[in-house]
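In the two complexes below, subunit A is the common chain; its partner is subunit B in one and subunit C in the other.
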Partner chain A sequence: MSQPTAPETLGSLTDETPVDPNSKASQEIAGKSPLRIAAGRLLKDKIAMACAFVILFFILIAIFAGVISDFFGVNTDTQSPSQFLDVLNGGMPKPEYGPPNGGFTMDHPFGIAPRSADDNLAYWLYGARTSLMIATGATLFATIVGIVVGLLAGFLGGVVDRVLSFFVDTFLTVPFILAALTIAPILNERFNDSDNYPTIQKFSLVAVLALFGWMGMARLIRGEVLSLREREFVQAARVLGMPTSRILFKELMPNLAAPIIISVSLMLPAFVAAEAGLAFLGIGVTDGASWGRTISFATTYFEQYPLYLWEPLIGVVLLVLSLNLLGDAIRDALDPKTRR
Partner chain B sequence: MKRNKPLALVAGVALLSLAACGGGGDDSSSSGSGSDRSFGEQTGGTKDAKRQGPAAEVDGATAGGTVTVYLPGDPGPNSLDPTDGWSVTGNSIQQALTHRSLTQYVRDSETGDPVLVPDLATDLGTANEDYTEWTFTIRDDATWEDGKPVTAEEVAFGMQRSLDADTFPSGPGTEYSKQYFLDGDSYGGPYTDKGKKYDGITVNGQDVTIKMATPFPDMDYWGAFMAMGPAPLGNASKPPNYGQDPLSNGPYMIEDFQPNQELTLVKNEQWDPNSDPGRHQYVDKWVFKFNQDQAKVDQIMLSDNTDSQTAISTALGSDKYTEANDALGDRLVQQTSQCVSTLTPDYTKITDINVRKALAYAYPYEDVWFATGEVPGVTRIPANSVMPPGMAGKKDFQVDGEQITYNPEKAKELLAEAGEEGYEITMVYYEVDPLAVAGQKQITKGFEEAGFKVKAIPVQVSPYDIWLDPDNKTNKQLNLRGVNWCSDWPAGSTMLPPLLKTDAVYNTAQFSEDAIDQKMKDIATLPLDEQGDAWGALDEEIMTDYFPIIPTAFRNDLFVFGSKIGNPTGDGALGAPNYKDVFVMQ
Partner chain C sequence: MFAYLVKRLISGALVLTLVSMAIFLLFWYGPSSPAQTICDRETSNRCGNRIEIYERTLGFDNPVHEEYLKWAKGVFVGRDIQIASTTYECDAPCLGVSYLTKQPVSEELVERLPATVSVAIGGAFLYLLFGIPIGVAAARRRGSVADKALVSSFLFLSSIPYYLFALLTWLYLTVLWEAPFVSDTGYFPITENPAKWFGGMFLAWVALGIFGCTQYTRYSRGSMVEALSEDYIRTARAKGLPERTVVYKHGLRAALVPVVTIFGIDFGTLLAGTIFTERIFDINGIGFWSLQAVQAKDLPVVAATALFSAVLLIISNLIVDVIYSVLDPRVRLS
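And now, the complex of A and B:
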C-alpha cells in the first residue's frame, strides 16, 4: 500500500485535479519525465507558442537569408548612391525607388537607405543572421564555461571553489561596455591588415560577449550543485566508487537541466540586445549588416524617413521580446511550484 | 592651414569650417525653394592700405545682446595663445574678436570679398625692392584690456615668439617665420634660446622692421595671422599658462575658457573703435560651444525658439539641408572655402602616370560624396587642380580636356595602356566613423569596377597619424593616401609647396622632382604681380606633366544664423561666420 502523497510533492500544489492512481488517465501520466510534463504545459501556453513561431520565423530568415534575398532580387552589394538618390531632396531615395517619397516597389520591398542607397531588405535579412549567429555563439560559449565552472566549484568545494568563485567575482566587477570599448581597438591594431578581418571581428564579438556573460550561469549551477551533492543518490554513487566526472555528468547534470534551460533561454535575448547595442555604439560588426548599426544610421533620418528606422527596430524588439517571453514561459513550465 | 579635426577632412564629413580666402557665396538669391542655391563668382582678395578706423557701420546695426555659436563636431583650440593658433576655428574667432595683428581682413559689404586692411600697423607695411626687409609702423592708440598701450616692442616680441618652434610646434610660425625670417632656422625663439639676441626684428620708435632670409612678398598676408601680433613682455606671456587666458587687445576679452567645451567673451571697454579699421563691438557677449552634436544643433537652429534666434551654427547636417534651405532662406549661408580634398598616390610606388590617371577616373566622386553625407554640388564641387578657385593665377584648365569624372571604362583603358591590369591599391580608412566606412565602400567598389584590386585597412586613429608617420608599419604598405588642404592666404605659395615640394610634411604623395622644386624657389623671386600667374602655370604644368595628386573636390561650408542675427554673412578670409560684422537685432 502506498503512502499518501506528502504535501510538498508535485501533485498537491499544482492545480491539476487529483486522479485515482488506478484509473486510465493516471497510467498515461505515469511514464512521463519532468521535462515531458513541462513540454506538455508549454504546448498549452498560447503566448509561448506564438513567441516560438516568431523565433522560428527569425531563425528561418537567418538561415535562408541568401535564398530569400535572391528570391526578391536584392543583395547587400555596395550600390552607387548617385544613381538612386536625389541631390535636391536631402539625399533621399528618388520616388521611383520607394519610400519615403514614392510608393513601395517590388525591386526594393523595404525601400533603400538614404546616403548609401543600400537595399534595406537585404540588410534586414542579413542583420537577422548576424544577430542570431552572434547571440547563439555567445550563449553557447557562455553556457559551456558557466556549467563547467559551476559544476567544478560546487562539487569539489574547498580551494577550487574559492579560486573559481574569485574569478567569477572578478569578472563581475569589470564593466562590460568599458571592456568591449577597450578591446575593439586592440583587436583592430593586431588584425587590421588581415584578409579575414570581418570574420575575426565577429568571433571577437562572440568572445567578448561570452567572456562577460558566463558568471551568472556559473553561480547558479554552483548553488544548485551545493544543495545536490549532499543528497543520497550522489552519496550512493560515491560509495559505489564512481569517478568524479561520471558523478558530475551522469548524476548531477540531468538534475540541472531545468536551471540550465531557463538560463539559456534568458541569455539569448540579452545577447541579441547587447549585440545591437554595441553595434549602435560603433563597436562590434563594422563591416557588414547589423541591425544595431542600421539603427544608428537611421536615427538622424527619423523625421524624413521613419520606415528606415522602424524596420531594424521592429526586428530587434520582436526578436528580443519573443525570446524573453518564451524564456519566462519555459521557466514557468519547468517550475512545479508555479500556479497559473 | 589645416583643420582642428583632420578625421572629418579625411572622411569628407563637412561638418567643420575651413580656412578660406574666396569670396562669399551668392546667398541672397536662394530664399525660394532650395534647388537653385548656387555659388557666386569667386575672386581673389583685394588690398586697401589706406583704410583707417573706425570701421564702417553695418546697415541697421544695433548694440547689445548675447550671441551663442554652436560648433558641431569641432573640438576647438586647446590653447588660445595667439602664437599657437593655426586652426580655422581658433583663428577665425580670435582674429575677429580678441587678438589684433599687423594686418587683418574685412568683408567688402558689396562684393562679399575679403579685403586686406591695416590693423595694428598704420598701413600694409613697406618692403624694400626685393622683399627682404619689411617695415611696419605700429599705431599708438591701440590698447590692451588693462588699458596699457600696445607698444612696438610688444609686437616685435610677439613675432619673435613665433620663431620658437619647440615651444609652439603646431604654430604657423614653424612654416612661415622659421622659413622666411632672417636666421629663422638657427634662432630658437625667446624661450628655447633664452637671452640670446635676435637681429631679424628691430624696433625703432613705432617702426618694426623685419629682415628676411629669402624674399617674402606675402609678408602683409602673413601679418594677418594673430601670431604676428603683440605679446606682453617677459613672464606675463609665458607659455603654456598664457594660452589659457591671454591678454586681449581686440573689442572683446576672454571671460572664461574651458578647452573643448566653451569659450565666453565679453566686451573689452578699453578697445577704442577709432584705432581699428575692421572690427565692431555690437554684441555684448559671445558664447562659443565646442564639440556639439550635429543633430541636436540642427534641431535647435530649425526650431527658431528664443534661444536659437540669437545663435549661429558653423555647420549643417546634410540630412537637414533641404529642410533648412526651404525654411531659412538668407539665414543659411553658403561659404566657399579655399580648400581642396585630394588623393595622393605614392609617387615612389605608382610610377606610371597612366595608373595615377586611371585612379582619378576610377574614383566615384558623387557616390563618395553621397555616402559620406555631403551634398553634391553644394558642399562639394568637382576639382580640376590643386589651386582652389578664386586664387590669384588659378587657371581654368582640364588635364584631359574635360572634367575628370567617374569612368571605369576609361580607367580600364589607361590601366591596359600601362600594362598594369589588376594593380593592387593599399589604403587606410577610419573605422570609427561610419561615414568614413561607407565612403570607403564606395571607393573600393569604384576602383574594383575599374580593374584595380583594393586592400583597405581599417584604422582606429586619425589617418593623418598614419600618413604623416614615416616609421608607421601600416604607412609603409600604403600606396594611396590623401590630404585635405586649405590656403593660408590667397596665394599659390600656401597651396603648392606644402603639398608638392620634396619632403614637405603634408606631401603624402612623396612627390619629388628637382625641376619642380627649383621652379617653386624661382617663383618666390619674381616680381609680385607676376607670381600669381606663375603659380597658376606651375599648377597646370605639374598636373599635366606628372599628375602626382588627384584633386577630388573643392569644399564649401554651410552656416546657419538665428532669425535675430543681423547681417548673416560668411568670412571669406577664414571660412567662418563673419563674426566681425554680426549684430543682434533689437
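And now, the complex of A and C:
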C-alpha cells in the first residue's frame, strides 16, 4: 500500500519534470520514506495543523490538570454550598458565580455548579484528563489486540483465520453500548462498597471499549497481511528459513504502519465520544470528573444556566472534532492515490 | 442458493446460542451472588443470611448448565419462577420476571416495542429520504463548488457525537423555544392519537435523520460516482436516452445495492437500541427501559434487553446477507 513507485517503472509517462540524478533535489527525493512523505504533506495541511494544536492543548490540560487548577486556586473538593448557592432559587448558584452567562469571578472562572456547588473549572480540567486517559488506554489495548489478531489471521490462514474471523464478525454485530449497559449494573453490584470503585469502573470502561473496538483494526491488518504475505520479500524471507515470528515483526510490521496509524486515528475520537456518551447515560464514569457526567447534570438546568452545559459540551465537541478532522487529514496524506 | 441459506441459518443459530450462553454466564458469575440484587430489594438492604432462600428458590444453587437448560426450555414452552415464597407464572417466550414490577419481562418488552419501532422506522426512512437524493445530486455535480461544500460540511457534522447534536436540538427546540409541533416529545400510542404520536416522534426522527443521512449521502455519492463512470452508462448516453433515464434507471439501480445492504444493518442496530434518542427525547421504548433497569439494578430486564437486541442484530445481519446473495451471485458462489 505504502510502497513508493520506483521512478524507472513510471518511464516517460510521468508528468514530473525529469531531475538530474546527481542534483541535490533528486537525492532528497530518493531518501524519503512513504511515512516521511505523508508527514511532509500533513505539515502543509492548515486544517490538520490547527486540529493538532487543539489536541495538543487538551493533552497538556489533561497532563497538567492538577497544576492548572492549583494555579487558578480551584479544586474538585466539595465546597460549602451556602456560600455560593441561592437556596431560595432552587439551589442555583448566586448570580456572581455563573448563571446565566455572566458573573465572572477570578476565584471561579468557569462558575459554580448548581446544587453541589462544585467548581466547574476544576471538573472541566479533570474531565479532560478522564476523557483522554480512558480513550488512550482503550486505543492502546484495542490496537494491540487488533494487530495480533489481524497478523495471525492473515498470515496463518486456514482454520485460525476462520475462527478469528468468526470472532471479528460476532463482535462487530454487538454494539459496545449494549455491552457497557449490560456490564454496568453487574460491576455496580459487585464493587459498589469497594473503596476502589471509581478506579475499577475506569479500568472496566477501558476494557469494554477496547473489547468492542479492536475489530476494525484486525480486519484492516488481516486484509493487508493477506496481500503482503504473497509478496516476493516475504517469500524470500521464508526461503531463507527466517522464523515466523521474525517474518511477522521484521518483514510485515514495518509495512503495516499506515493501516495502524489510520485505525488509531479512527479509534481515538470514537472512544472520546463513547466515554462522554456513556457517562451522559449514567453507565460510564459515575464517580469523579467526566465531561459526559457534567453534561447530564447540566441538562436539567439548561434554561437558567446554559453556560454550565456549554463548557463540557464544547470540550467534547472540540476534542472529537479535531481528532476526527486530523484523522481524516492523516488518511488523505497516507493514501498514495492522492499523491500530488 | 439453498445450500448457502442453510449454511447461513446454521451459523446464525450457533451465534445466537453462544450469545445467550454468554449473557447467561455473565449474569450468573458477574454479581457477587446472582440473587443479591433481588434479596437487597425485598429485604430493604438487610439481606444477610436470607440470600440463601433467594438463591435456592431462584435455582442459583444448582449447577449452571442445568439452570441454563431450564432457562432455554422456558424460552420455548414457558415455566414458573419462584422468588422466595411467591411463584410467578412466566409464559413462553419466558425471559424471566422483572425484580422491580414482578411482571414477566417478555410482556413488558412487547409493551415497549412499539415506541422503539416507531423511532427506528421514522429515523431510517429519513436516512434514505435525505441521504440518497442528496448523494445522487452531489455525484452528478461531482467536483463542483456545491459538491465540495456539501461533502466538507457533512464531514464536519458527522464528526460531532450524535448524542450532543440530538441533545442540543431537543434543548433548544423543545425546552427553550417551545417550538410549535415539537413542544412535547415522547411516545404516545398511535392507536389513540395519531397526531400526538407524530408530534412526539417528529423531533427524534429529524435529529436521527439529519445525522444519519450524512453517512448515507457519503455512501450513495461514492457508489453513484462509480456507477456513472461505468461503460453501460456511456452506452445508454450514446444511444440517446434522456439524462433522467440514464441517471435514475441505469445508474441509481446499480448504485443502490451497497447502500441497501448497509441500510439493513443500520435498521437492525436502530431496532436493537436507540438508547441515546430515547433517553434524550423521553421516549419510553426498550432503550430507555434498559437504562432504567440499569439504575434500578433490575438484572433480568437488563439481561433480556441485551439478549433481545443481540437477537435482532443477528437476524438483521442474516437477512442482509441473504438479500445480498440474491442481488450479487458472486457472494454465495465463493
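By definition in this document, the second predicted complex is superposed on the first by the 311 of 340 C-alpha atoms of A that agree within 3 Å, B and C clash if a C-alpha of one lies under 4 Å from a C-alpha of the other, contacts with A are read in each partner's own complex, and residues count from 1 in each chain.
The rule we apply is simple: a residue touches a chain if its C-beta (ideal position, glycine included) is under 8 Å from a C-beta of that chain, and two chains touch if they have at least 3 such contacts.
Model, not experiment: these values are computed from the prediction.
Bringing the complexes onto one copy of subunit A puts subunit B in a clash with subunit C.
Once the two complexes are overlaid on the shared chain, A:Thr170 sits against subunit C while remaining clear of subunit B. In the superposition on chain A, contact of A:Leu178 is made with subunit C only, not with subunit B. In the superposed model, A:Val320 lies in contact with subunit C only, and not with subunit B. In the superposed model, A:Leu281 lies in contact with subunit C only, and not with subunit B. By the touch criterion defined above, A:Asp328 reaches subunit C but does not reach subunit B. By the touch criterion defined above, A:Glu189 lies against subunit B and subunit C together after alignment on the C-alpha atoms of chain A. When the shared chain is aligned, no partner comes close enough to touch A:Phe271: not subunit B, not subunit C. In the superposition on chain A, A:Phe212 makes contact with neither subunit B nor subunit C. Only one of the stretches 9-17, 45-53, 81-89 or 189-197 in subunit C has C-alpha atoms clashing with subunit B after the fit on chain A, and that stretch is 45-53. Subunit A residues in contact with subunit B (one complex) as well as with subunit C (other complex) are 184-185, 188-189, 282, 299. Note for the complex: subunit B touches subunit A at residues 34-35, 295, 317-323, 364, 366-367, 370-371, 373, 375-377, 431-432, 434-435, 437-438, 441-442, 444-445, 455, 457-460, 474, 477. Contact residues of subunit A toward subunit B in the complex are 77-78, 80-82, 85, 87-91, 114-117, 184-185, 188-189, 192-193, 197, 282, 286-287, 293, 296-297, 299-301, 304.
On the subunit A side of its complex with subunit C, the touching residues are 170, 173-175, 177-178, 181-190, 269, 273, 276-277, 280-283, 295, 299, 302-303, 309, 313, 316-317, 320-321, 324-325, 328.
Only residues 15, 18-19, 23, 26-27, 30-32, 36-37, 155-156, 159-161, 163-164, 167-168, 171, 175-176, 269, 272-273, 275-276, 279, 290-291, 293-295, 297, 299, 302-303, 305-306, 309-310, 313-314, 317 of subunit C touch subunit A when the two sit together in their complex.
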